[in-house]
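In what follows, subunit A forms one complex with subunit B and a second complex with subunit C.
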Partner chain A sequence: MTGENKGLTKAKEIYQDRSRRAKELKAGGKKIVGYNCIYSPLEMMAALDLEPYGLFGDMREPTSKADRGLPTAFCPIMRSLLDLGLKGRYDFLDGMVMPHSCDAIEKTAHVWQCLIPVPYFHFLDIPCTVHEESLEYFKGQLIDLKKTLESFAGKELSSEKLRKAIETYNEQRALVRELYDLRKPDPPFISGTESLQVIKALMSIPVEEGNELLRQVISEVKERKNGPQKKAARLLVWSHILDDVALMETIEGAGANVVIDDCCVGRRAYQADIDITEDPLDGLTNYYLTKIACARTFREAVFGETKKDRIADLESKFGYMKDYVNEWNVNGAVLLLVRFCDPFGFEVTEVTDYFNSLDLPSTYLEHGYSEGSLAPLRTRAQAFLETLSS
Partner chain B sequence: MAKEGEKKKAISRLKSMYPLRAKVDETYQKSVEAMKAGKPTVWSMVNWWEGDVILKAMDLEVVYPENYSTVCASAGVAESYLNRSDADGFPTHLCGYSRNTFGYTSRMIKELGSEIPPEAPMGGMPKPILLLSSNCICDARYKWFQALGRYMDVPVWALEMPIPGVKELAMEGCYERSISVMVTHLRGFIAFLERLLGKKMDWDKLDELMRLTEELNRVWYEVNELRKAKPCPMHGRDFWSAMPASLFLAGDLKDTLECYRAMYDEVKYRVDNHIGAIAEEKYRLLFGELPPWHSLGFFDKLAERGWDVVIESWAYHPPIPIDLSKVSDPLERVARFSFQWHTGYFESALKEGEYFGYMAYPYLVYAREYKCDGAFMHPLISCRSASTHLQYASEMLMQKAKVPSLTVEGDIVDLRLFNPADALSRAEPFEEAMEHYRKVRKEEGFDW
Partner chain C sequence: MNPMNSMNPYFAGVDIGSTMTKVVVIDTEGKIRSRVIGPTGAEHRQLANEVMQQALEQANLSFDEMSYVVATGYGRLNVPFADRQITELSCHARGVASFFPSVRTAIDIGGQDSKGLEIKEGKLIDFVMNDKCAAGTGRFLEVLAAALNLKVEDLGGISLKSTRKVNISSTCTVFAQQEVVSLLSEGVPLEDIIAGLHNAMASRIVRMIKRLKVEPDVVLTGGVAKNIGVVRAMKENLGCAVLVPEDPLLSGAIGAAILGKELTLKALAKGEPIPRRERHLEKVTFFSS
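== the complex of A and B ==
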């Protein structure tokens, strides 16, 4: 890792200048592969000595060029990402992997390929269901991805190397869960804002460096005396890609500690481990299709049952959040989405009904992924927090 | 000067269109009759023949909430359903069709004890025994039925269709893997239906219905091929009226096939006799996405200016015909047919370095083959997935075919989002653009 700083200061430094490390690595001869969302198998890239680099939009940058490829009534995060691509922000990339995690990403992937050529591009199709045949199909898709990555990297991917990479990423998942455990006390040892900063930093640097960063952060926050203050509201934030600390600061600044989240730049990518299997592709297949609890996948308690049992379905989809509520002692939840997000938008009433069944007060807040969205967001967050304290 | 009432219609409608248009009305009537007779009804997403033919073979009456939402919009009742959806907590930015359905279902179940709302047009949609969703085209179409679970405990089956990229589909094994997953998935679907209904699939019937589906779509494809003629013998309005019978496999398929054959004969007659759909075809237009169903008279105004809609969005057209005569398994034929619709243009897209191989790329093929002067793009505010490609398609048409686009935002449900007067005011400048690019194409060696 470069620089003198450590722990949270280091995480903040990386967060503020995310591409610096990737550019250093590129200068040293590494190929940088951009990816978005949490469905891109980073383990494959790392095992081939390619450097995965998380791609995000920028809610502080006015979206002025994306109209070339995407309409205005469309996921603002993807519009922002394409906008940055068209403006050259990601020109240092040698390749890209975009997964079919949602319709917006799928469509953006096709447009990106047409408008912003990169030496290597792979679109990874992912089924929407978790049947046996879907797993089989998805494994085939991963094998195809492996082939194109091998060709791009100029070397073969051995099972041993892939297994090793999986273990390293599993270590990162375990460390992130350990970090989240530090938010269980009241007050938490680390804020939601700081935590988001760390997670986004992890998506910007090599996995081994990320693991070292996590160890430093965990050690630091356990020992520090100036952590977050105790607040009446201990919130769970449910969201998709939540990639800017300003969003988290807005919620916490309204008078809450965000003690746990179910977000893509947050707990969701680290909640489960990849099983170590004889054929490591089996573990990857199972993890990426079935273990990530994202709204993009069609799930129900028992697929193909002729009798519908909604309570059981909600429990099977969101049961893990009951554990969050209990273990992190949550007393309120915020459903925080950008406008025009369909997979999560259709889940709002489902999640709300589930939280209601737990007697957990919740609110749904929407934003436009711009700085202008923050003030109204703060007002609505404050209004919700008032209801919690009354 | 002739009085308004005496004025000749600007678009000469096909006589053969009316029986096809009536097929969809029949479907709703049949579903209500079926409910009264105690027979099961299914609500289904448009699934591009992946599931419809199976439902038909199982004697299920099917209604399509997407289509029904346009009916509600046209009848003026959609607004109350949209408001109800908002009040029930669904985000207001969700697909207009879904919000209409949430509101409708909420009213039917919560207020009326599962009775069809009295204001529901065309007899309404009876409470279903199954919700058949599809991942094809957009996320909404497999998410929204699950969200209906808060109103009714009805099983949902999500149809799976692989959606690989243009380049990735060309990799060895990807195509057959896609077919294989669909076939296996459909076997599971049939087993599920057999459990749900307590009866077995009649495989001979499925086989016959699939053959009819292939044939009626082949004829329908040929009808649209005839529209390449100048002047174009069939306007887009007839296309939109006739397409639901294919998309929803409406009515008795033998009869529906005959209707399409009659349409072929009528269109062929017009081609042979140089009869155009409009009096004087000055501009041949490609129409991007669904039309404003609530304002279709708008196209007559454009026709008076010589604007002829000669081809429409790929999504609503039948697949490029493929020979399935050697495929004996009807489920494999279903899979190959449906997948052909989705990927039929991928091979040529790849050759041209175009990666939006469905939705966007077919416009380029259409513009060339139908000799289009312009593209009328109609992004649907509440139907993002169907509209996402239009922006890029406009750029591609200009870059590769020197065909300009006119973009007028609107919606399929919310009529407040489309302003016909404003759109018409942009007609004249766009005509200038079309004239200009005619010259550019000529200078650059294009053949139209």
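== the complex of A and C ==
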């Protein structure tokens, strides 16, 4: 071991044994709050000395118990999450926050409370449109969350502490973007697979430790000699929760470097910063409702400029991806979704159309969130790469 | 100097499908020198080298005379005697375009998957693929032929006698089987049932293919294309003519051989070495990690 990949090795260790740190902290007296999706305001939890812990399914674990609470033709990720809960994988949690990011999460939140009670549970309602009224409504929901978190933590959340937590998380966002900048060169300094591993590690450990890990990875990958090789295809992957490295490895293994992504265990959670506002809740409200670019929010009517102009709408919805394509020198895009995902599934046509308008070849691939999905995914990814090179 | 002089004049395509293994050897003119089709089945799956050997014997050639070997099909990944693996999607597209240069849509119905290819000027530009469900694949017909106590190759001929095809409401292979049994007990003529099955299969595949821009010429390949009843049902469901190559099973292997030839010529034209691997004609290492 030369030590040159210490940060990446650490990220891999955390990825492989995600709950270890959370369990240590729990043993030391910390309360662990599980959350899913990137719509849970981690800043509020951290400011109250609660430890947020990202909840995921596990595509390597056959889903055998979820039928107790969820239908079969339903988001395989939420089915897997409930399955893990029923099998005791998340027994160490003291609390849970589930946001209304999509209907699958909303339904799972209610089923969870029936089948796997936890001492603290908060369902965070989030409107799906961006208007003055919805911002006001959402701020009310955040005030509710603040109250239940405060009573669970047994202390008050001061504006000062919240502002501080926002700054620390903004620092994480900036560091992740710095990490992504290292994928601009050809070959990139860090692969899509490694990057996913780092991001999932961040969602498993305290924010300050995550920032330290990021600094370490950023400084070492620039120096290492065993980084990714140059490949003909430089891909953008558009997805939702893409939480297993095998999915990324399958695409990169077919002969590509994934140089940028718009995914939830990826760039989407770190693309924008939270504004520091006088009442920090205003910054949080604005960030979670308007700044995260997710299919779950209807963002055509951009706050303050409701136009009925399709081209402008597309630009306001997906314009950031044009920057990705140009700045990361992308020559192909993979739209990679899990089966039965309504919000993202409905957006495939529009995203494809937008990529077509950029003259960017793209393909839509679906997987079943199981190891058995990998071989068909490999064939499709490889065939897509063959269409790029022929 | 003719670049062809500096290489061996033969190219092989090895298509390891889920049901059949196909090997084709072509020469520099693109002429097929030999073709062999053997079962992939559980005990045969390691023996693609034997099918390759048969193909070589048929043409009286040695393996060393192969300038380039391309493996394709679901078993393509672990063929130790191939120089390169290319997906069956690209190989089918290339193979079909070699028989029908004006093809825009190719539909391949294999033993355990089916795929639709959108082709422009001989090149694959988009695709859809079903490999999750037996319905819409050759397996559907195998299961139902067994339920009817018939040989799968006889289904097509029998279905042509149908005057009133039944409507099979279930597109699931297992439930369709039950439906067939109950239709039989009601005394529905066999040919009408089989015609109904062909129609159910064709409509399912056409629904999938419609995710692509389906434009003529439409070509049907794969083992199922040998079933005249399915070809007819596909024509009806697509509402246009359907072309079938002389040997519909071989389009993947032929495409693989042609792509191998093209890769070789491209390298030679650039003055680069042929991108060959160190390889020997040995057993396929299926499913090794």
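Quick note on the criterion: the second predicted complex is superposed on the first by the 376 of 390 C-alpha atoms of A that agree within 3 Å, B and C clash if a C-alpha of one lies under 4 Å from a C-alpha of the other, contacts with A are read in each partner's own complex, and residues count from 1 in each chain.
Going forward, a contact is a pair of C-beta atoms (placed from the backbone, for glycine too) under 8 Å apart; a residue touches a chain by one contact, two chains touch by 3 or more.
These numbers were taken from a predicted model, which means no experiment stands behind them.
Engineer: Regarding the shared-chain residue A:Thr363, is it in contact with subunit B (first), subunit C (second), both, or neither?
Structural biologist: second
Engineer: Of the two partners subunit B and subunit C, indicate the one touching more residues belonging to subunit A.
Structural biologist: Tallying touched residues of subunit A, the top partner is B.
Engineer: Counting only touches as set out at the top, which of subunit B and subunit C does A:Ala232 meet: first, second, both, neither?
Structural biologist: In the superposition, A:Ala232 contacts neither subunit B nor subunit C.
Engineer: Quick one: classify A:Ile276 as touching subunit B (first), subunit C (second), both or neither.
Structural biologist: neither
Engineer: In the superposed arrangement, which partner chain does A:Glu136 touch: subunit B (first), subunit C (second), both, or neither?
Structural biologist: first
Engineer: Subunit A residues touched by both subunit B and subunit C?
Structural biologist: Residues common to the subunit A contacts of subunit C and of subunit B do not exist here, since the sets are disjoint.
Engineer: Under the stated contact criterion, what part of subunit A meets subunit C in this complex?
Structural biologist: Going through subunit A, the ones touching subunit C are 363, 368, 375-376, 379-380, 382-383, 386-387, 390.
Engineer: Touching residues of subunit B toward subunit A in the complex: what are they?
Structural biologist: Counting only subunit B, the residues touching subunit A are 88-91, 93-95, 98, 133, 135, 137-140, 142-144, 146-147, 149-150, 153-158, 160, 162-168, 171, 173-174, 177-178, 180-181, 184-185, 188, 191-192, 195-196, 353-357, 360, 379, 381, 384-385, 387-392, 395-396.
Engineer: Which residues of subunit A touch subunit B in their complex?
Structural biologist: Its residues touching subunit B are 67-71, 73-74, 100, 102-104, 106-107, 109-111, 113-115, 121-125, 127-129, 131-134, 136-137, 140-141, 144, 147-148, 295-296, 298, 300, 304-310, 313, 337, 339-340, 342-343, 345-350, 352-353, 364, 366.
Engineer: Which of the residues in subunit C end up touching subunit A in this complex?
Structural biologist: 74, 86-90, 123-127, 129, 131-132
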